[in-house]
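Each chain carries a letter (A, B, C, D, E and F) given by its place in the written order, and its residues are counted from 1.
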Amino acid sequence: MKISILVNEGPYTHEASDSAYLFARAALAKGHEVSRVFFYHDGVNNATRLTEPPQDDRHIVDRWSKLAEEHPVDLVVCVAAALRRGIKDENLAPGFRISGLGQLIEAGIKADRLVTFGD
Amino acid sequence: MGEVKKFMYVNRKAPFGTIYALESLEVVLIAAAFDQDVSMVFMDDGVYQLKKGVDTKAIEVKNFQPTYRALDDYDVNKLYVEAEALEARGLTAGDLCVPVEVLTRAQIGKLMEEQDILLSF
Amino acid sequence: MLHIVNKSPLDRNSLEACVAAAQAGGALLLIEDGVYAATRGNTAATALKSALDRLTVYVLAPDLAARGMSDALIEGVRLVDYGGFVDLVAEHSTCQSWL
Amino acid sequence: MLHIVNKSPLDRNSLEACVAAAQAGGALLLIEDGVYAATRGNTAATALKSALDRLTVYVLAPDLAARGMSDALIEGVRLVDYGGFVDLVAEHSTCQSWL
Amino acid sequence: MGEVKKFMYVNRKAPFGTIYALESLEVVLIAAAFDQDVSMVFMDDGVYQLKKGVDTKAIEVKNFQPTYRALDDYDVNKLYVEAEALEARGLTAGDLCVPVEVLTRAQIGKLMEEQDILLSF
Amino acid sequence: MKISILVNEGPYTHEASDSAYLFARAALAKGHEVSRVFFYHDGVNNATRLTEPPQDDRHIVDRWSKLAEEHPVDLVVCVAAALRRGIKDENLAPGFRISGLGQLIEAGIKADRLVTFGD
């Protein structure tokens, strides 16, 4: 089954980002296709390559990048939400791309399921 | 192409206190270009998004309420508002900036079952 | 002391928590989405009215106007602008934001 | 359909809103701070029990364990892990997150 | 130097769902070095921060509960917990990971009046 | 009177940042000293120089920078919270500085009032 995911909150601040990641991993493990993860609202903050969490904590941004490296998961950051929050190509982490809201609607149209994680 | 899905946008948050109302509206405007079946639902504090008489000058924030009135131009005209939410807030449909259909929570719950995609903000 | 509440009373519990803890004679300032608590017909306005017996309640006018609610203010509540907010902070030795 | 609630029932209104709208026969999954609604002694657990007559209620075990609440789960609620969460999404044609 | 103020940290949010509990604790640890009069209050969902038996392995998040047990080493030992909050959540002081003083809301409200600085998370 | 401010939420996402700014302006207009604004939690996101809001909207980050230019207001971003969220010297806006949580406690000790804006 083709599943897309919408992430509305930033890393660390809200569990939404963790839940979305663990859900994506579990879906892939079950043999589903996670075609796209769309980052909106503060969710765009998941895409900054400048994040440096404490050594003993998970690295949320790297985790997403690794997911996109290992699987054909399209990590899309909403351009309008990103500009408002200071996420641009110059601080974008590997595996993410910046694009328009149309990519969210398209994900909704093409996927069998769309699951939202937010606040 | 040609496939039409039913998209419902569920708004449960007050405007201005957080950005969800504004950014949700931006999604709906984009979605309108995709020729899908679009509807918007306003429940709980989400009904405040449509309260007319907004004046944001003193908080120096953009007033995006006119955009709700422009939705019809984008062929987004299925706007549902929760009856119980209006009542608990001392509001009626006449207090809102656009024409809406007032439904009970249970009716909204039923409509949700008919959707292909639910997006909540 | 000055209590500040910035959440809608129908979405969050912060107004209720504040009113339960606030000591008589204190001041309560409603800002941001907190202003809805002082609007006519809101089911929380009843609770707020009973709080008015013990507390002086203020509403930040800029936030009330932004929400199109200026006409709906309940009686007994005082309107302040940002200057008035500053005065309230200055007049009370401490303030607690009920986040 | 599948309803997902991620907020504590004593802090926010999302569980209440969800249960009022959810049609009989649907599924409700509690995740993140939403898991507290299914713990013994929580005043919201009573409301949840009445919802159990109409809905199948699931709790995300990893979130329950993280909060030290595994021993407090009320009866009639089913535990799922993230794999079970994925299965619930796959089994229901739509899902609504009550943000 | 020499001036001692009464700092109270008010925690009203559940742990793990958001970062406030963890980052609030980081403030308290730093504050301990300043030789001020420090107390922590746990109200509403904040009481969940102290619920013992935390196991975060399956959500891959750091368990910071041991830090509460270390607070005493930092001379932070005035921990107040709201009685009504415990009761509404089916909890007792015995369910918590550290010794606390249980107070009513009204008593906590009174203590607040005695503070110089209130920081809420 | 010496007033310090704590900002716990990011720009645009939550009104807290707007309220704190308008409060600071009003306090200065009344002749008070706003000695320090401390940015914690997602509040650190107020300090990114990469923010680019829509033309017809306020520029929250620039507004803070301008405040610090016009008045001796110390804009301090918590280093631990900032690292977690990808705010570093390389994307820091003018007028802000990155420092430790001790600066918040110090602000509490030295100021006559500390006002918190958050979620």
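To be clear about the criterion, a residue touches a chain if its C-beta (ideal position, glycine included) is under 8 Å from a C-beta of that chain, and two chains touch if they have at least 3 such contacts.
Keep in mind that this is a model prediction, so the values were computed, not measured.
Colleague: For chain A and chain E, which third chains touch each of them?
Modeller: Joint contacts, listed by label: D, F.
Colleague: Indicate the lowest number of steps between chain A and chain D, counting one step per move to a touching chain.
Modeller: Minimum number of steps from chain A to chain D: 1.
Colleague: For the chain pairs A-B and B-C, which is connected through the larger number of C-beta pairs in contact?
Modeller: The comparison resolves to B-C.
Colleague: If I average the CA coordinates per chain, which chain comes out farthest from chain F?
Modeller: D
Colleague: Indicate the whole-number Å distance between the mean C-alpha point of chain C and the mean C-alpha point of chain D.
Modeller: Distance between chain centres: 33 Å.
Colleague: Could you tell me the distance, in whole angstrom, between the mean C-alpha positions of chain E and chain F?
Modeller: 25
Colleague: How far is the middle of chain A from the middle of chain F, if each middle is the mean of its Cα atoms, in Å?
Modeller: Centre-to-centre distance between chain A and chain F: 28 Å.
Colleague: Give me the residues of chain D that touch two or more other chains.
Modeller: 6, 10-11, 13, 32-33, 62-63, 81-82, 94-95, 97, 99
Colleague: Residues of chain A that contact two or more other chains, please.
Modeller: 8, 12-13, 15, 22, 41, 54, 80, 114, 116, 118
Colleague: Residues of chain E touching 2+ other chains?
Modeller: Residue numbers touching two or more other chains: 13, 16-17, 19-20, 44, 59, 61, 116-118, 120-121.
Colleague: Considering only which chains touch which, how would you classify the arrangement: line, ring, star, complete or other?
Modeller: Topology of the interface graph: other, matching no listed pattern.
Colleague: Which pairs of chains touch each other?
Modeller: The complete list of chain pairs in contact reads A-B, A-D, A-E, A-F, B-C, B-D, B-F, C-D, C-E, C-F, D-E, E-F.
Colleague: Along chain C, where are the residues that touch chain F in the complex?
Modeller: 4, 6, 31-33, 62-63, 81-83, 85-87, 89-90, 94-95, 97, 99
Colleague: Could you please specify the touching residues of chain F with respect to chain B in the complex?
Modeller: Going through chain F, the ones touching chain B are 12-15, 18, 22, 54, 56-58.
Colleague: What residues on chain D touch chain B, complex-wise?
Modeller: Residues 1, 13-14, 17, 20-23, 26, 93-99.
Colleague: Which residues of chain C touch chain B in their complex?
Modeller: So the residues of chain C touching chain B come out as 6-8, 10-11, 32-33, 36, 39-43, 45, 61-63, 65-72, 81-82.
Colleague: Residue numbers of chain B touching chain F in their complex, please.
Modeller: Listed in rising order, the residues of chain B that touch chain F are 16-19, 59-62.
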